[in-house]
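Pasting the structures here.
Two complexes, one shared chain (chain A), two partners (chain B, chain C).
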Partner chain A sequence: MSLWVDKYRPKDLQKLDFHKEQAANLKRLIQQGDFPHLLMFGPSGAGKKTRIMCLLKELYGPGVERLRMEQMNFTTPSNKKLEIMTISSNYHIEVNPSDVGIYDRVVIMDLIKNVAQSQQLDSKGQKDFKIVVLTDVDQMTIDAQHALRRTMEKYIANCRLILCCNSTSRVIPAIKSRCLNIKVPAPSTDEIVSILQNTCKKEGLTVPVELAKRIAEKSNRNLRRSLLMLEACKVQQYPFTANQNITEPDWSLFIRNMAKLIIQEQSLERISKIREDLYELIVHDIPGDIIFEVLVDELTQNCDFELKLQIVEQAAIYEHRMRQGNKEIFHLEAFVVKFMCLYKKYLEDALGNSM
Partner chain B sequence: MQAFLKSDIVDQGEVVTVLDQCIKGADLPNLLFYGPPGTGKTSIILAASHQLFGDMYKERILELNASDERGIQVIRDKIKSFAQLRAGGTRPDGKPCPPFKIVILDEADSMTQAAQAALRRTMEKETKTTRFCLICNYVSRIIEPLTSRCTKFRFRPLNADLIAFISDEEKLLVDDDILKELVKTSGGDMRRAITCLHSCSRLRGKDTPITKKDITEIAGVIPEKFLCEFLEICKENDYKKLKSFINKFTLEAYSGLQMLEQLNDYIIESDEFNNKQKAIIGEKLGAVTFRLQDGASESLQLLDLGCVVMTSYAA
Partner chain C sequence: MSAKKGWKSFNFDCVNGTSKNIKKDNFPKQIFKAQATSFNFEEKIIPQSVDDLAVHTRKISDVEFWLNNNVITKSRNHKPSILLITGPTGCGKTATVKVLCKKLDIEVSEWINPIDRDKDYAIGQTSRMLEFLSLSKYPSLLCMNKPKVILIEDFPNSVIHNPNEMVAILEKCSTCEKSVIFICTDLSNLNMNLPQTLFPDELRQKFSIYNISFNATSTTLMTKAVKRAKTIIEMHTDINNITDVTVDDIVSSSMGDIRCAVNQVYFTCSKVCNDLLPSTPPPKYSNKRKRKSKNETKNQVLLKNERLSFFHGIGRVLNPKRVEKNGSWRLKCDIQALVDEIGIQPTTFNSFIHNNYIKYFGDIHDISNAAEILSFSQIFLNKWENRENFLNYSLWIPIMGLMVYNEHKVLKWNQITAPRKHKKEINNDLETKSLNVVDRCYYNIINKLDLKNQLKPC
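Up next is the complex of A and B:
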């Protein structure tokens, strides 16, 4: 049995539930037989990947759904062996270059050249170009992005790229100017509610509007998470009630708890306790930027305005450093300690004033 | 996209004159082209070398860009051995052609310092047979000894005529006003403007006129109402509202970098702030942009900026 998220994923451009005008535009684009490189961007759970798969299907027919996983091997100039998983069909190949960390440039160079230089053999009724789908382009190193530039132009005759990312801030302008940028905003709350209801109908269930609405809001307008939450709710309790408990991911509870501990007491012992917690989070593969975001959210909740500004400023600095470095723990911890300093000073000042 | 790229060069007067001279038989210096993306640097040198060498193009040109391995090893082996080859003064069909080869190093600013240093001597020693053409966006990333060996050409952002020419040629239904808007949004990057126009016509179909909304949508320009809302919220000094605005903003999938750019233009021209406030905000804008490009999280950085704008409103 597959999850609802996969089971009810639309497979056709016409069947998409939201951004219909955009879907129609894409369809028109494809029917002309030729299209530029695409850059899809939008928050997670907005349906970027679904749209890409629909596009491919529209382009090549149902053949693209026969997928196979393949392990590709590359060697860096310094003779280090790299392995990367690719998902491919006869017509396209999908890679996440940032899987290999700082060696992504090698993957880009080799893979795209390989794909691009080989012509499509089976020409009957097929397009004369292949598609390379690159995901998480914003996580790629700048070097790798530079490597894409000329390749994109040179091999345009037999290869098209579809790039997929969350934010275009990290994509270099040279790439942006070579692609058709397609913005995929998150679905609105109402759209999510109607999708949740439709899904339930197909499953033979009913869901109260209030519950659907709460799920949509809780998931931060992330469709994938909404569906998962709905399914989790169903496992917990069915028939649904409007005010039933929606399980939140435990990491978010965990971080919130941590924030409480930080505010309660500022001492060395507390810091070492927090360190353990942070390690716990990192071991469970919670990305650092999410930890930062939730932490800042929680910590700023009961401070006055002046202090908030300072916290945000510091958070922005430490978060940036975390990106530059490669050990997240240092920067998370540094931020926690910094917060403690600020908070303690603020408390002492407040005490001093009142006396 | 490539179908749109006309090989005849329209702009960049002096560069074309110099290359013209050289094609007529005068000698070619080592070249260094620099300028913002999409101003035709690569196009010009490619067009020129096609004209120079015709059919022998493949033998006489070595084109390396950032997608090729360009470490110090490649400079030592590949470029050196290519540079050492002699080049004859006639084509196979007997016509004269210049007795040198060209090495085009595209995106030279992404070459390492060491690799650039390795080029120095090669460049001088092989002047008899080889010319180098370095292409880059930022001339400051090329080491001094290399720049002093080349004739430098700065490429200006292209003007709007080209776009009008293309839209005429392709018989698109576009108003002049909209073309102006297009040039404005792309900030002189011709490739971006052309891609944008091309995409619009593809998305809309040939027979529907292109509207201003299409252009802004495809170019990813943020509607002014978002900017105003941002400043309005900062004025109110409400942290919670700012937070939820930024959340909404990211969900709408607008790019933070674009927001910063537009905010910069807006703030510089607005009368709402005095010079001191502008300076404070400007400094923060710089820091935040830098961090964003480095890969920091969009929402935190925007929040930081918002807080600074708030304090400068309050001051």
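Up next is the complex of A and C:
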């Protein structure tokens, strides 16, 4: 049983539900024949990947939909063996270099060289270049990004890159300037609502507008999550009611619970406990920025304006550092401890005033 | 104090007031001299057989295996091979090679940096070394049929400054028909890493250099060696003032450096023979812990420049000592030395500190400051350009910060735990590959899976 997200994913540039003008531009871009490197960026669940697959189909025809998974092996100069999963068709190959952590540079260099050096098998009528899709480019090390810069220029004759990331802030300027940057903004709430309704229609279900709206808001305008939420709701309770319970993701509950613990008590033991929890989240691969987001959201709920200001300021400082540095736990923990200090002081002041 | 006096006694050249004092103390010069002429300790202490070596047996057999394979039974078309022995100072690298060569009856021809003279000033040491290497294929007249090996322990200065010259030397080595052994000391210093600068990985691969790396001498072997030194001294002189306590002291203070330990034995016995000072420590130390007595005994002057072990370094940082002075305080620690002595990657060091610092802090505001510092220091670790220059900052900042901010120190024994390693899990399932990690929980709900690795609020 495939998920609704995959089942009703648009396969064609014309069939996209939103950003139609952008889709038309992309189509024109391909028809012109020359095709630059692309850098797609935008929040998750905005349809970057869908657009990339549509582009590929537009370029090469339905052949790109015959996907196969392949494990590729690389050896680093220090003789460490790396394995990475790739998804490929005859015309393109998709890989997430950050899967191999700090060794992504080797993958980038070897993989693109491999792809670029082999000629297109089916020469008649097709484009004379292959496509390499790199996902999570913002998670790549700076080293790998610099390696990419050279490779991009060297193999431009028979290989084009499509890079995909959430934010360009960690992508080095040299790469940004070598690509056509395409921003894919998150769909509006109304767009999500209509898509949810259309999906339900195709499934032969009906969904109340209120519920669709609530889902869209709860998912933070993340279309993929909206669809998953809707399907999860359907599994839990059908027919839909307007005010039915929408399951929150487990990590979100977990972080909110953690925030409660932080507010409850500010002590050394609590810090150790929170650290365990933070590690738990990191082990489950929950990205640091999401942890920050939910945590700040929950922590600021019962604070006065002045304290809120301070907390948000600190959160901004530490999140910025987290983007610059590499160890998430350092910055998350520093923020938590900072909050504890501020909150403790706030409580003491409040107590002092009332006495 | 006692130690200071002992040191003075060696200072014969001194022409100020102190020298007179020594004479007044009736310093027994004659005894000392007589010993020096009748018994050459340096000569006797050199290990004579494999049993005398204070080196792990496996390392010895490694070297022996290499010598057997590459020097004694050399196949005809076999290229001469190169062996690189690395290890910290005084772990017996040279001694092992010499003893084994003696045992296997191999002639060793060793390169020693010549002293530059005026007339051949124009010829650099490196080119003379190359000349030495090309001449060395001819056997010496005295031992015609012996197999021969070239030993290079002295590296010309210009090579150290300019490691590229190593390529020429290694190329010469591979054409000079004889196998070559390089001995290179590991320094625990971030700035100078000779084995790595002189023999980078590409060169090791290109010339297929076989590397055997020695570890610092273990306590057991060290004790054995020190006892041997003691026996040698007792055999040749009538001094036997070295007690078991002294042996323990010497072993623990020499930090795995056998040369240092042996010298200490020699110094100890020559020092006490002049009877200037009370030789045994006061009895009040006798029932104290060994660690305490180590610092207090007469051997203090002979202590090798202490090299901090990794955990020791962490302990220094987490347990800062302060000196009160005129109402203000200073840290009782040479931070520059501490930074220099940390022989591991700053990333690892910082992770270790971060994983353990909370246990040593007694106040939440202190922790907040410390956490802030740790988070700040991470920025330096992500700069790829100028990384070398930034590495030191990333050590300095957390070390200083943690030591300064630890105002309410917790004094109790805490176990140092290693930082957790987190490996990114890679989802290789085609169906869920397109799903973000954060959305995977919905997939589980929809498919009514109850996965064990689900996050559960506690």
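We adopt the following convention: the second predicted complex is superposed on the first by the 320 of 355 C-alpha atoms of A that agree within 3 Å, B and C clash if a C-alpha of one lies under 4 Å from a C-alpha of the other, contacts with A are read in each partner's own complex, and residues count from 1 in each chain.
Basically, contacts are C-beta pairs under 8 Å (C-beta built on N, C-alpha and C of every residue); 3 or more make two chains touch, one makes a residue touch a chain.
Keep in mind that this is a model prediction, so the values were computed, not measured.
Once the two complexes are laid over each other on the shared chain, residue contacts for A:87 go to chain C alone; chain B is not touched. When the two complexes are overlaid on their common chain A, residue A:148 makes contact with chain B while staying clear of chain C. In the superposition on chain A, A:60 makes contact with neither chain B nor chain C.
In the superposed model, A:18 makes contact with neither chain B nor chain C. Once the two complexes are laid over each other on the shared chain, residue contacts for A:168 go to chain B alone; chain C is not touched. By the touch criterion defined above, A:324 reaches both chain B and chain C.
Applying the stated contact rule after C-alpha superposition, one finds that A:77 touches each of chain B and chain C.
Of the two partner chains, chain C is the only one that A:253 touches; chain B does not reach it. When the two complexes are superposed on chain A, the residues of chain A that touch both chain B and chain C are 77, 143, 146, 324.
Put simply, chain A touches chain C in their complex at residues 1-3, 5-6, 44-45, 49, 67, 69, 71, 77-78, 85, 87, 98-99, 101, 141-143, 146, 224-225, 228-229, 231-232, 235-236, 247, 249-251, 253-254, 256-258, 266-268, 271-272, 275, 277, 279-287, 290, 318, 321, 324-327, 329-331, 333-334, 337-338, 340-341, 344. On the chain C side of its complex with chain A, the touching residues are 201, 350-351, 354, 358, 361-362, 364-365, 367-368, 371-372, 374-376, 378-379, 381-382, 384, 420, 422-426, 428, 430-431, 433-439, 441-443, 445-448, 453-458.
Looking at the complex, you find that chain A touches chain B at residues 25-26, 28-29, 32, 35-37, 41-43, 46, 77, 108-109, 112-113, 138, 143, 146-151, 153, 156, 167-170, 173-174, 176-181, 183-186, 220-221, 289, 292-293, 296-297, 300, 305, 308-309, 312-313, 315-316, 319-320, 323-324.
Interface of chain B with chain A (complex): residues 1-2, 37-38, 42, 65-69, 71, 73, 106-107, 110, 137, 186, 189, 191-192, 195, 198-199, 202-205, 217-220, 237, 239, 243, 247, 250-258, 288, 291-301, 303-304, 307-308, 310-311.
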